[in-house]
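Next, two complexes with chain A in common: one pairs it with chain B, the other with chain C.
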Partner chain A sequence: MSVGERDPYTGHMTTGHEWNGIKELNAPVPKAVLFFLAATFIFALGYWILMPAWPTGVAYTRGLLGIDQRMTVAESVAAATRDRAVWAQKVIDGDYAAVQADVALMRTVRQTGRTLFGDNCAVCHGQQGQGGKGYPAIAKAPWLWGGEPETVAETIRVGINAAHPDTRVSQMMAFGRDNILERPELLKVAAYVHSLSHKSDAPAATLKDGKAVFEANCVACHGDDAKGKRDVGAPDLTDNFWIYGSDLQGIYETIYRGRQGQMPGWENRLSSLERKILTLYLLDLRQTRN
Partner chain B sequence: MSIFGLHYKLERSAIGFTLAVIVAASIGGLVEIAPLFTIDETVEPAPDMRVYTPLELAGRNIYIREGCYACHSQMIRTLRDEVERYGPYSLAVESKYDHPMLWGSKRTGPDLARVGSKYSDQWHVAHLINPRDVVVESKMPPYGWLMRNKLELNDLGLHLKAMRKVGVPYSDAQIANAVKDAIGQASPDSDEATGVSERYGEATNVRAFDGLPGTVTEMDAVVAYLQILGRLTDAAHKTPMKAE
Partner chain C sequence: MVTQLTQNERFLGLIILIALGCLGLVMAAAGQHDPIGMHGWLVVVCSIVMIFVLANGYFAPEPSEARLEHYYDDPSKVGIVVAMLWAIFGMFIGDWVAWQLVYPDLTFDAAWSSFGRIRPAHTTGVIFGFGGNALIATSFHVLQRTTRARLPDQLSPWFVLLGYNLFCLIAISGYFMGITQSKEYAEPEWYADIWLVIVWVTYFLIYLRTLARRREPHIYVANWYYMAFILVVAILHIVNNLAMPIAWNQAKSYSAFSGVQDAMTQWWYGHNAVAFFLTAGFLGMMYYYMPKRAGRPIFSYRLSIISFWGITFMYMWAGSHHLHYTALPHWVQTLGMTFSVMLLVPSWASATNALLTLNGAWHKVRDDATLRFMMMAAIFYGLSTFEGSFMAIRAVNSLSHYTDWTVGHVHAGALGWVALITFGSIYAVVPWLWKQPRMYSPKLIEWHFWLAMAGTLIYVFAMWNSGVIQGLMWRTYNESGTLSYSFIDSLVAMHPYYFARAFGGLLFLLGAIIGFYNVLMTIRMAANVETGDEAVIGNPAAAGE
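Right, the complex of A and B next:
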């Protein structure tokens, strides 16, 4: 084994290795490195004692601070609820008209409502409530089930054709696919429905026949005047708002295939406060849009 | 410094140094293995936990194939903003039958851990065919071929069998009827459909997910899978969210 000797120039020992007359210094580890090494050791030791760390076979050491991430999140949610209580309680207690009349409160409702709407409703109804094919433009279109605040809140709660036990149910039959009507009748009634809201160039005889088909098959839900019925969610066919397309082709397709649009119920996902905020937000959105 | 002195001595002994290297390296292994000692305490009990049906499992495989996990996580963390946006935080038991788990860590799109039954089947179909048809601001790529591709059914039983090998409690009957159950789940009112609720529970969604009863497409499988996310057990909804 080679033996180190003291280097005359630096004062350090050498390792004793020698290559062609070159000797290797055995300088000590710099103090700063040792310091940080020791500091991390001490930090780790403290962390083990204070925080959950070591498995002990069936459980683990909980740490003196007793910190549990699940408790932490529960506390911060509770704290947020307490912070919100200042205005949330007013929303919970007040009836819709009272909340709507409170300008400062509505400012908060609008802010919270926008977030809730964006997270839950916007994927179908659009960020601005503009809707899309198959999804009503709730910021503008006439209500299918009624526009009273309580009615809107109920629609949000139970949904339409949803899994909720109290869900609103609305089914338009597939008059073509299920062979309820023959193709000539379908074409005529489509032309008639189209003529209710558009300038139609269809022959008068077609419209007359179409009207007869309409009266025999459609009035039960859409009403004698074709203005729709809110208790079954049947839309008004005489206005300019269409869920599935307003052109002749779109109307034909709807009559042929039937429609049963679905809106999930939100009772299990959103609290009653959140649903009330959404209702208020939606009514407010319509007011500013119209 | 004595610790360096020890090292000085140790590196001069072949056997001693080898043993020291083994000890040092095994610490790394121990740190990975030791948490598994407490797995029973980590995975919460959930007696109502259901297994994926063959159709949902097929959808899960397509989810992996198409790389959905690269942009969507399936893990709601214990943070206030996540809990308020997505719902109760994810529990370990909810991924009990996920092999491999798809928690993910990257969210270009939103988290999907609680997306099950949040939107309608029709919405999912429209959204997968072209996301921008329903969400104008979306940057998700379209997956129109899911609607055109027939689902590969023949190997479903083998997939179930493989899952059983890694601990998912599929019964022999479930494995034997995998193909029938996949067809049945996507074809309500068919003869095959009754067996699905028998073998997988009444809460199983039996619907024509893609809107076309009778044909089992990849769209059926993916939508069936998305609609079950977060709904295999109610355990997460029962966990107390109140601070003690």
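Right, the complex of A and C next:
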């Protein structure tokens, strides 16, 4: 039988055990511990009575409040849909011009569109639609496939070079890598294309040869005037908007490797209402930017 | 150290190493077209290295019978050093991950350094590498002193320590190669898991065999916790890792569970890993080193009983609070939440018991950074268990879940509680193990303490702020009934906090490096001093304690 001793500091007895110099006091459990222990147990008991809690074989106790998380979610979703229906129906029913003319409705479109754009488009096109290397600055740059609201909505629906069956398709060939053009020709046509949008210090002969290469290889998509063709998504080469870099090296690289930009189709991801809001938001964004 | 092994143990050790090396060769050959082959070579290399170590002292004379009158501390010594190495590795990777979140380009475009691979390398490095080795090393030390019995033999502790580190190496090198079974804190694949089971059962047997030979009638509280840690971790590990390999020469396996059952099993494991690995084990540490260092008796034996059985019984139910508002049935969530709330009082009882133990020794807390490490650990233990129970309440969880608040909570526990109690215990045990009057530099312990405190506070406050902001941004609706913020908006808002977090982590890492230096210098001090040879079992004064 171990014999306790009194701890001079606290006045409590020890239990009389000792482990390599460690002793234990036999101090009573503080009242607060017992009180809070009881309080948390009573809370748990009450919660079990009110809420779904204990399994009973194939079923479970459903609780007096009759709450279930699935029901709660279904109700909140229904309530939210009801609240949104006030304006959502107007966007669905109205044509683009009508919605654009409705100032109050456009305020809602802007609010909702901003979040939709941020969650779905901003990763590539930038939060303000400013774009980046490889991704068009859709807030400003000229349209590749056309800027009519219906056309924009269609581009969003089917995507570009996407998995969607109706996807828009656009491919620029790899003139260098696939040996369609020789290196001197590549250099000359690059210099020529560069000169279309920049002040060029290339020799006139080079530009002349480059123009000949351009006419033989590029006009089918980019047009005789190099201003691009919207039915094949070929960009205007005479302006100041460049997706893959506007300097001579960037242009050379594009001609050498070819380009096949991709944008996913959103038909299976976003509802037609959401796509319509995005279209309206984008057109509105361009209006305020330009 | 090999000279401390008997001839039989050396022979048995050699057999085990040769068998392991052969197994490694089989893995390497059969799995040559799979990452498991690389792990085969790792096993071969580790076996050969250890065979050389063993061969070096193989023909030395047998250790004298007098050794049985001493505690066997060599595995603890090595374990402490290895734990500090893992601490630096794990915290370095952790801080790197943190900087990646500030500057995503810090992956340097390599697959092995991507976030998804080095993040588990961080968690495994600190939890299993640092925490696990510290637990094994201190548990051997505490077990012998509180039972007044030497470890049952010299070979099995080495098998546990080295085998465990082989598991850690396989785990982490696997992540870099892309091997994972995608279960948080249980990422290693089936063959690593099986190996850990063998090691862990040996560990538990060492505990039972020593306790069976104890010369102390009562089993001390620290051993209750260490035993709970070993036993429950074994159960959790085996159940959660039940899986079928797609082939015996391939690393990939499929879990025995799927869907919501998989999620529930995983978080039953995950939360109890926190409970029994990161809490029970370290409470064992605290229960020995804190009263020893303070020179005070444990405040209340009765409080210890309430805490131990409360924690052991209640934690088992709490895992489902990780799955609030998911496909998990509502009633399971209710149980997880209510048991988490009930768990609070036993947890606080532990923290209370620790802090009241310091009554009569507060002047030591003021002057001694080692004891202050332990005191702050108890406070952070109280803080993070309160926070944990609070976050387990469904309504609170709807705000905190999936946000950085969770990350902050985990690190309040991991840095504030687990790491601080470990560093405190290491600073206490190193001079005892190496028979020195004190650590090499008390001043460096002060530096470590304040760096660790600053790092933890900066980290935790940054994550609280960012987590609550995230949670609020994700649930704020505008008057049109649309979410006000896109996800990317919340990322932009997080950026300054991520910077603060990475900086706080850096301070914590610096502290650990200083600690490692201090430990090494203390060991160097010891190398110059002859140690006495008198019998020490049951004689704390002679053991230098």
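Convention: the second predicted complex is superposed on the first by the 217 of 290 C-alpha atoms of A that agree within 3 Å, B and C clash if a C-alpha of one lies under 4 Å from a C-alpha of the other, contacts with A are read in each partner's own complex, and residues count from 1 in each chain.
Rule of thumb we're sticking to: a contact is a pair of C-beta atoms (placed from the backbone, for glycine too) under 8 Å apart; a residue touches a chain by one contact, two chains touch by 3 or more.
All values reported here derive from a predicted model rather than from experimental measurement.
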| item | value |
| --- | --- |
| Touching partner for A:Pro165 - first (chain B), second (chain C), both, neither | neither |
| First (chain B), second (chain C), both or neither touched by A:Asp119 | both |
| Contacts of A:Lys133 with chain B and chain C, given as first, second, both or neither | first |
| Which partner, chain B or chain C, touches more chain A residues | C |
| Contacts of A:Asp83 with chain B and chain C, given as first, second, both or neither | second |
| Partner chain(s) touched by A:Gly11 [first = chain B, second = chain C, both, neither] | neither |
| Touching partner for A:Asn20 - first (chain B), second (chain C), both, neither | second |
| Which of chain B and chain C A:Phe41 touches, first, second, both or neither | second |
| Overlap of chain C and chain B interfaces on chain A (superposed complexes) | 28-29, 54-55, 60, 69-70, 80, 119, 122-123, 127 |
| Residue ranges of chain B touching chain A (in the complex, touch as defined) | 1, 4, 12, 34-35, 37-38, 40-41, 78-80, 83-85, 87, 89, 117-123, 126-127, 133-137, 239-244 |
| List of chain A residues in touch with chain B within their complex | 1, 28-29, 34, 54-55, 57-60, 69-78, 80, 119-120, 122-124, 126-127, 132-135, 163, 261-264, 269 |
| Chain C-facing residues of chain A, complex | 2, 7, 9-10, 12, 14-15, 17, 19-30, 33, 36-37, 40-41, 43-44, 47-48, 51-55, 60-61, 63, 67-70, 80, 83-84, 87, 108, 111-112, 114-119, 122-123, 127 |
| Contact footprint of chain A on chain C as seen in their complex | 145-146, 148, 216-218, 220-221, 288, 291-292, 296-304, 306, 310, 325, 329-331, 333-335, 337-339, 341-342, 344-346, 348-349, 352, 356, 359-360, 478-489, 538, 540, 543, 545 |
